[in-house]
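Heads up, the next two complexes both have chain A, just with different partners, chain B and then chain C.
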Partner chain A sequence: MTALEATGLGKRYRDTWALREVFLSVPRGRVVALVGPNGAGKTTLMRLAVGLHRPTTGHLRVFGAEPYGEALAQVAYVAQDKPLYDEFTVNEMLNVGRHLNPRFDLAGARDRLADLNIPGRARVHQLSGGQRAQLAITLAVAKRVDLIVLDEPLASLDPLARHEVMRGLMMAVAETGLTVLLSSHVVAELDEVCDHLVLLSRGRVQVAGDIEDILRAHRMLTGPAGMMPGGAYEVIGEDRTERQTSLFARLREPIPDPRWTAHELSLTDVVLGYMRSPMSTHFPPPVLAERDDVA
Partner chain B sequence: MTCLIDFTLDRKSGTATYAQLIQQVEHALRLGLLMPGDQLPTAKQVVGRLAINPNTVLRAYRELESRGLVEAMPGLGTFVRRSLVAPHDPELEAALGAWVATARAAGLGDDDMRSLLEFALSPGQRETA
Partner chain C sequence: MSWLAFRQHRGRMIGMGLIVVLWGGLAGMESYSPVLAGMSAVFFAYVPLVFGVFLGAPVVSREFERGTHQFAWTQSFSRSQWFWWQAVVAMGLALATTAYLGTVVGLITPSFTLTVDSVMYPLTGAVPYAWGVFAVATGLMWSAITRWTTAAMAASFFGVAASQFIAEGLRKRSDAVSQWTAENLWILQSAEVEILLALAAAMTVTAWYFTARRNPA
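After this line comes the complex of A and B, so read on.
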């Protein structure tokens, strides 16, 4: 079953479309990197996924159901400001979670916090930014949900805290097989954590798919200036110097011309390459077929 | 539970993470650090150290399983099936030692010799060998 399925999804705030004609299909168990420039619609998509907004057009289904009412027991949302009660202790926050969620895994949450060296008696306002993020994620995991949605979980954390937050999150994925949708500006740090990419641009999906497939399909081609290589490929971006041409390209087959070198790309390279060419899109085949008329 | 081997990640190598995990298991199998019956670290243990996606670990283990090197026992873990320790061949080792001595006498450095060995092992040369 798909974890997230968007068909013709759109959201308008007064005169402005925050999301338009979004088609997405995210398999269960994926860790999804939701990236894109500010105002691309990331937060809107996340809030739609957890039932805080309703679509203006189309549908968004979470594990097959629209995310309202009972279906919301399957999802948890950690907003960017990590809403916690400052004056409560960590243990009191766990109690709040237990009373609000019938399936709350109190023992599991305590073990997790002990693993992370977060003392139960500490007050929330005494915790570091990283510990606050850990506590918010622990509360979300303890709800025993199938989908956790995290808005910028790494923002304003130092590198060590980022690593620890990701470590905690990935351990939860390893234990429970849950699906994660997380937005971030720091694409470089998502490389090893996420296995699925959704790049939004001006309210539309620009790139979507499993990261491994996306990386396999794209190369930076470098070759002599004033010519183009033969073969089946599409150029997404290019850069020319007096002596050399560099093409950011999607390949359908290896380039046969030995004068050209195909360099593998990192997730950051691919994301930046597409962000520089906002008119280029890349979807897995089924979604592409549906969107042929608008692509 | 402690792990028999620890994985490390070279985040700048450009080699995919799952491929790095595979290489490290194969390396340990070649050196005899892992022997048949030994358990590989669980996905959770690897994730707890490296903060990577657990699916990456499972994918590396699946690949090792398809190569016949390890076996996943549901609910128990992943275990080594086959060692990759090369059979000890004194004649071959002596010949290589003699070659290294000759090369050094001819003025080749370690890096020159590595390049020669890599060239000899490259796909084009392998076909003609």
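After this line comes the complex of A and C, so read on.
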């Protein structure tokens, strides 16, 4: 079953389209990195996924249902600023969670906060940025949902807090097998935790698929200047100097020409490569269409 | 959902408690010095303004201003359920305060003749409750439309005040009404109550629509 499925999804604010003709299919259990330049539509997609917005065109289904009413019990959302009731105590926030969610795991949430040394009697506005993020994520995890949506969960956190937040989230994923959709514009820190990538560009999906497949398919080819290698590949970006040619390419098979060397790329390189050529016609990659049988 | 609504109204309950204390003091002063007689009844006209500004106007807009709507509306309950609980608690608080004030004023006011000009007119029967509900509904509507507490407070203040002036003009639009006694005045009062409740219902539904159906920012 697909965790998240968008068909012809579009969202317009007055005259501008924030999302357009988005087709997306995310299998259950993936940790999805939603990346893209500012204004690409990441937040809009996330808000659509948790029912805060309604699509202008098309549909977005979460585990087969549109995320309104009863289906809201299946998704949890942590917005970018971690909005919580500042005047409440931590215990009162847990009470809110318990009263507003029939499946709420109060004991689990208490344990987690105790592990993190977040005192129950502290008021939310007294918490540090990292603690606030931890509390917001704890509440989302304790809701016992199938999909957690996190908008820039690591923004405004120091490196140690980032690490702790990510570790806490990954523990929850390991325990429950939930699907996570998280956005960030710092791709480097998503590398280790995410296994699925969705790159948005100007309101459209530019790249989508399992990170392993994407990394396997893309290579940086370097070879003599003024030449192109033979073989089956598509060039996404290129850099030509007097001495050599560098091609950012998606390969269908290895390049046989020995004058060319193929370097493996990091996720950051791939994402940046696609971001630099937003008009590239190589999207979405064919992995999209093949996903259903895997799920 | 009710837990959150009650917890969020705790501060406002304390505010209403202050009104309760104020009126208790006022009533006490009146019973000792007859010069002040009728003050608590006269000041009652301002209470609906307080309801509109402090109970109605912050409800939806405070959530938008702090971003907490993104938390509250993504729990396991629908936005409609969230809204109706907030509305019910706010209106309940207004009704309870009105009931208390009505009782206090009733206790210290000796027998009176009800006329349309009497300060007791807005305090008898269902009229004060209808104004309480109407004021909260005005606040809710502006809160949901403007999504900005300060503007919603100002709009509710002037909205309720203007409605009070209009109501007063409508009540006294014929000389015959001035001669009416309690026997006939109930017709006027029930007409007033019905109009107020109908308007309150329309405004509350408007507030619901803007909360639950319009995209949040």
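Keep this in mind: the second predicted complex is superposed on the first by the 280 of 295 C-alpha atoms of A that agree within 3 Å, B and C clash if a C-alpha of one lies under 4 Å from a C-alpha of the other, contacts with A are read in each partner's own complex, and residues count from 1 in each chain.
By our rule, contacts are C-beta pairs under 8 Å (C-beta built on N, C-alpha and C of every residue); 3 or more make two chains touch, one makes a residue touch a chain.
Predicted model only: the values in this text are computed from it and were never measured.
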{"item": "Fit or clash - chain C, chain B, common chain A", "value": "fit"}
{"item": "Touched partner set for A:V31, first chain B, second chain C, both or neither", "value": "first"}
{"item": "Following superposition on chain A: angle at chain A, chain B versus chain C, Cα, nearest 10°", "value": "140"}
{"item": "Which superposed partner A:E175 touches (first chain B, second chain C, both, neither)", "value": "first"}
{"item": "Which superposed partner A:N95 touches (first chain B, second chain C, both, neither)", "value": "second"}
{"item": "Which of chain B and chain C A:V186 touches, first, second, both or neither", "value": "neither"}
{"item": "Which superposed partner A:R167 touches (first chain B, second chain C, both, neither)", "value": "first"}
{"item": "Superposition-derived comparison: chain B or chain C, residues of chain A touched", "value": "C"}
{"item": "Partner chain(s) touched by A:V75 [first = chain B, second = chain C, both, neither]", "value": "second"}
{"item": "Which of chain B and chain C A:L251 touches, first, second, both or neither", "value": "neither"}
{"item": "CA minimum distance (chain B, chain C), superposed complexes, angstrom", "value": "25"}
{"item": "Set of chain A residues, in rising order, touched by both chain B and chain C", "value": "none"}
{"item": "Contact set on chain C toward chain A in their complex", "value": "1-4, 7-8, 11, 66-78, 215-216"}
{"item": "Residue ranges of chain A in contact with chain B within the complex", "value": "29-31, 163-164, 166-167, 170-171, 173-175, 191-195, 212, 215, 264, 266"}
{"item": "Chain C contact footprint on chain A (complex, rising order)", "value": "47, 50-54, 68-69, 72-73, 75-77, 79, 81, 83-88, 92, 95-97, 99-103, 136, 143"}
{"item": "Residue ranges of chain B touching chain A (in the complex, touch as defined)", "value": "9, 11, 14, 16-17, 42-44, 47-48, 50-57"}
